[in-house]
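Structures are listed in the sections that come next.
Next come two complexes, and both contain chain A; in the first it sits with chain B, in the second with chain C.
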Partner chain A sequence: MFSSFMTNAWISGTIVAMLAGAVGFFVVLRGASFAAHAIPNGAFAGAAGAYLVGISPLVGLVSFALLSALGIGVTSRRTRNDVATALSLVAMLALGAAFLSVSLIYEPTINALLFGEILGVSSSQLAPVLILGVVSVAVLGWFYRPLVFTSVAPELARARGVNATVVDVAFLVVVALATALTVPVVGALLTFSLMIGPPAAARILVARPGWAVAGSVGLSLVTVWVSIGASYALNLPIGFFVGALGAVFYLGARVAARRRVTRPAT
Partner chain B sequence: MSDHEPSTALLEVRDVNVSADGRDILRDVHFSINHGEFTGLIGSNGAGKTTLFRVILGIQEHASGEVLLHGEPLTRSNRSIGYVPQKVLFDPDLPIRARDLVALGADGHRYGLRRRPRALHDAVDEMLDAVDAGAFADRRVGSLSGGEQQRVLIAHSLISRPELLLLDEPLANLDPGSVQEIIALLHRVAQRQRVAILLSAHEMNPLLPVMDRIVYVANGHVASGTTDEVVRPSVLSALYGHHVDVLRVHGRVLVVATALPVGPAPNDEHPEFVVE
Partner chain C sequence: MGWLFEPGWWANGTVRTALLVGFVVAVTSAVVGIFTVMRGQSFAGHALTDVATAGGAGAFLAGVAPLVGFVGGGVLGAGAMDAIGVQRVKGRDIATGVVLGAAMGLAALFLFLSARSSSASGTTQLVLFGSIFTVSPSTLPEVSWLSGAVLVTLAAVARPLLLSSLSVELAAARGVRLRSVGLIFMVVLAVAVGMSAIVIGAILSTALLIGPPASALRVARRVGRAVALAAGLGVLATWVGVLFAYDSYYWFPSHRSLPVSFFVVAAIVVEYLVASVLRRRTRPAPVAASEPEGWT
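And now, the complex of A and B:
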C-alpha cells in the first residue's frame, strides 16, 4: 500500500483532506451543507462532459463546480429557498448521466467518479491540484475573520460594514475549487461527507474557532488516510470509508460532549 | 420637542420616509440624539422601530430624508455606531466563545490573518468585565441564557468604541430581574464610556429612571423630547390619531385608550394599556 504507484494517492489524498477539512468548517458554520452536496454533482457532470469532448477531467470539474456554486449563490439570493439548490443538484446529476451514456466510457470510470478512486489523481494532475489547493487555502485565510463573522451573526457583520456579497461569492468559489479537487478522490456522491463529517465533529469537541478549524483538518486527514489504507486493503470504494468514518466521528463527538456536560465547562 | 441644534446633536434624523409594498412604514420622522444621552425609542410591535434602526445604520433604503452624524451625512457602516439587533440566534454547537464574539466586534471586518495583538485581548477582557460577563467569557455563546447573550452582544458592540449604541428591544424576553440589571448596566456603561444610547422597547416604565429623552413611535410618526414633553394626552392622541389618556400611578406611566373597553387585541390603532 506504500508502493510507488500509491504515492500519488497518498499525496493527493493528503491535499484533499486538508482542503476539505478547512473548507468544510465554514460549510458547517454557515449551514451550507446542502450546497456542499449539490456542487459535487455539478462537478460530476463537468467531469463526464470532459470525457465526452476529450479534455482533462480537472478542467470539467473546476468549471462546472464554479458554475453550480455561482448558480446556487445567485438563485438562493433571489428566492431564499433550497428548491433552487435541489433542482440544480438533480439537473446536474441528470446531465452527468447523459454525458456518460453518450461518451461510452468504462463503467469503472463512472463508478470512480461517483464513489471515489484512490488512484483518481494522475501524476500529471498533481501539480494543478496542489496549486489550486494552496490558492483555496490562501483565499480562506484572507477571508477568515469576515467569513466567521458573517457566518455567526450576519446582521452584526453587515452593521459593521462587512460586504456580505463579496464574502459569499469568495466562499462559494472556494467550495467549488475544493469540490473539484475532492471529487476525483472521494467521488461525487460522497465528497460532501468529507466536508461535513470531520468539521461537524470538530466543532462539538472544540469551542474555539481557530482550534476547531485545526481539529477539522486533523480529523479529515485521519479520515482520508484510514480510508485510503482500508480501500487498498479491502478493495472497497474509498467513499464508503470516508462516509462511514465521518458518521462515526460525529457520533463519537456527540457522546464525548454529552459525557463532558457533567464536568465543568471547558 | 424642537431640537434644531445640528452643531450640538450627535445624530440627527431629518424628515425620513420609508415605505415598502406601497405601505408607509415611517412618515416624516424627525428627531435628534445628543452626546452621551440615554434615549428610549418607544412604540408597539410593528410601529417601525427596527426599520428606523436600519435607516440609522445605513442598511435600509429610504424614500426621502437624511440622517446626519456630527452634522455630516451617514456613510454606510459607520464605526461610530454600535448595534445590538433584536434577535441573534446562536446554535449551541457553534464553536464561538463569548470572548470570540466580542473580539469579532473589533476585527471581524478585517481581511487577512494577523495575530491578534495583546491590546485586543486586554480590550476584550475589559469589555467583558464592563458588562459583568467575565464569569462566562470562555463558554460558547450558544450555551448562554438570553440575558447573558445580551451582555456579550453589548460588549461586542462597545469594543469598537462607538459614540452611539443602538439596541433593538434588548429587554424583550428577559425576566424582570434581568431587565433591571441590563438597564442599570447600560446606564453605567453609557456614563463611563460617554456613549449615547438609543434603546427601543414597547414598554417605557422600566426605562423612566434612566431615560434623558424619549422618541415615541406610533402609526409611523414620531414625537420626541423629554418624557414630560412627550408622554401627554395631547401629544400621544395626535400621534395615535384618536384620544388617549396618560395616567401616572406610583411613578409609573400608563397610556390608555379612552373609549376602549377592556380586552381588545393590541394594535397600532388602539393603544391598549401600553404597559406590562
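And now, the complex of A and C:
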C-alpha cells in the first residue's frame, strides 16, 4: 500500500484533501453547492476539449473551470442564481459531449476524468498540483474576513461597503482553481462530494469559523486517506468511498448534534 | 427545403420516434420546470438526474428494467432530500448536496462493477449522456403513461403548489399544508426527471427542465401562458436539435455526427438570450417569493 508507485497517490491525495476541506467549508457556508457541482463538470468538458486539441489536460481543466466560474458569476447578477448555474452547467456539459463525440477517447479515460484515477497521478503532475493548491489557499486566507462577513451577514457587509460581487466572483475563481486540481485525482463527479460532505459535517459539529475550517480539513483528510487505503485493498473505485464517507460523516454529525442539544434539556 | 432536411429525414423511423418521445418529454419537463424555477429548486431538479442515474446503473447491474431503476432511484433520492431538510430554504442546498454526493459515489461503484462483470462498452457514456436516437419505439407508451401521471398529479395540486411557490407565508395563512405539497412536488419532480434522464440523458433532462421555463418566465406575465410558452420553446429546441444532429452526419467528410444534446442546449441558450432581450420591453414575470438566501 505504501510502495513507491503509491507515493504520488498519497501526496496528491493529501494536498487535494486539505484544499477541498478548506474551500468546501466556504462552499457550505455560502450555500454555493450547486456552483461547486457545476464547475467540476465544466472542468471535465475542458479536459475533453484539451484531448481533442492535443494540449495538456490541466490547461483545459483550469481554463474551462475559470470559464464556468465567470459564467455563473456574471449571469447570476442578472437572474436567479440557481437558474444561472443550471444553464452554465448544461452548456458546459453539452460542449463536453460534443468534444467527446468528435475526438476518439477511450472509455477508461472518460471514466478516469469522471470518477478519478488517483493511482495514475504521475510525478510531473505533482508540481502544478502543489503550486495551484498553495495559490488557492493563499487567496482564501487573504479573503478570509470579507468571505465570512458576506456569508454570515450579507446586508451588514453591504452597509459596510464590502463589494459582494467582487467577493463572489473571487470566491468562484478559487473554487475553479481547486476544482481543476481535484478533478484528475478524484474525478469530476466526486470533487463535489469531497467539498460538501466533510465541510457540512464540520460546520454542524463546530461553531467557530476558524476551528470549523480546521475540522473540515481534518475530516476531509480522513476521508481521502481511508478512501485511498480501502480503494487499494478492495480494488473498488475511490469515488465510491469518498461519496459514502462524506454522507456517513454528515449523518453522524447530525446525530451527534441532536444528542448534544437534547441532553441538557433532560 | 432540401438544404435543411438531409436525405432520409422523412422516412426514418428512428427520427420519428425521437421526435415523438422528444415532444412528450419536452412538454412534461416544461410544465414541471415552471414550478421548479419558481420554487428555486433547480439544484434539486438537476441533482435528481444524477441520483436517477445511480439508480439506473444499479438496475443495469441487478438486471432490472432500467426505467424502474431511474424512476425508483429518483424517488428514493427525493425522499432522502426531504428527510434531511429540503423544505427549509437554508438547509436545502446542503440536503441536496449530501444526497447528490452519496448518489454519485454509488454510481461510481455500480458503473465500475457492471463494467467489470460485462464486456458491454460505452455503458458510462450511454447512462450519463444518453441519446434520443437510441430510444426504442416500445418505450413510447411507458413514457407517455408516466408523463400523463406526472401532469395529472401536478394539475391536482396546482393551486396550493402555485400559492406556496409564490408566497410561503400567504400559503400557510390560507391553510396550505406546505410540507405535504412540497413532498408531493419533489416526488413528481423525481419521476419526471428520472423518466427524462433515461430517455434523453442527464444533460438534456436538466436543460429542458430549466432552460425553456426560465426563458418563458422572463417574458410571460401569467403562469398559464408561461407554461404554454415553455412547452412550445422546449419542443422547438428539441426538434431543432434532433434535425441538426441528423444533418450533422452529412457535414463532415468523416461522417461523424455531433450529439443531439449539443444542438438542443445550443437552441435553449439562444432562446434564453432572446427572452432576456425581450424582457427589457415587457414587465418582469412573477418571481418566487423565496429567493435563495445567502448569495443573490
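Definition applied: the second predicted complex is superposed on the first by the 260 of 266 C-alpha atoms of A that agree within 3 Å, B and C clash if a C-alpha of one lies under 4 Å from a C-alpha of the other, contacts with A are read in each partner's own complex, and residues count from 1 in each chain.
Quick note on the criterion: a residue touches a chain if its C-beta (ideal position, glycine included) is under 8 Å from a C-beta of that chain, and two chains touch if they have at least 3 such contacts.
What you are looking at is a predicted structure, and each value in this text was computed from that prediction instead of being measured.
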| item | value |
| --- | --- |
| Partner chain in contact with A:F241 - chain B first, chain C second, else both or neither | second |
| Which of chain B and chain C A:F149 touches, first, second, both or neither | first |
| Partner chain in contact with A:A94 - chain B first, chain C second, else both or neither | second |
| Partner contacting more residues of chain A (chain B vs chain C) | C |
| Partner chain in contact with A:G141 - chain B first, chain C second, else both or neither | first |
| Partner chain in contact with A:I131 - chain B first, chain C second, else both or neither | neither |
| Touched partner set for A:R208, first chain B, second chain C, both or neither | first |
| Which superposed partner A:R158 touches (first chain B, second chain C, both, neither) | first |
| Contact residues of chain A, present in both the chain B and the chain C interface | none |
| Parts of chain A lying in touch with chain B, wherever the complex brings them together | 29, 141-146, 148-149, 152-153, 155-162, 202-204, 206-209, 211-212, 265-266 |
| Residues of chain A that touch chain C when the two form their complex | 28, 30-34, 36-37, 76, 78-83, 85-87, 89-91, 93-95, 97-98, 100-102, 107, 110-111, 114-115, 150-151, 154, 164, 168, 187, 189-190, 192-193, 196-197, 200, 236-237, 239-244, 246-247, 250 |
| Chain A-touching residues of chain C, taken from the complex the two chains share | 37, 40-43, 45-47, 50, 90, 93-94, 96-109, 111-112, 115, 121-122, 124-125, 128-129, 203-204, 206-207, 210-211, 214, 218, 256-259, 261-262, 264-266, 268-269, 272, 276, 291-296 |
| Chain A-facing residues of chain B, complex | 57, 59, 76-79, 81, 83, 85, 88, 90, 93-97, 100-101, 104-105, 107-113, 138-140, 143, 153, 156-157, 160 |
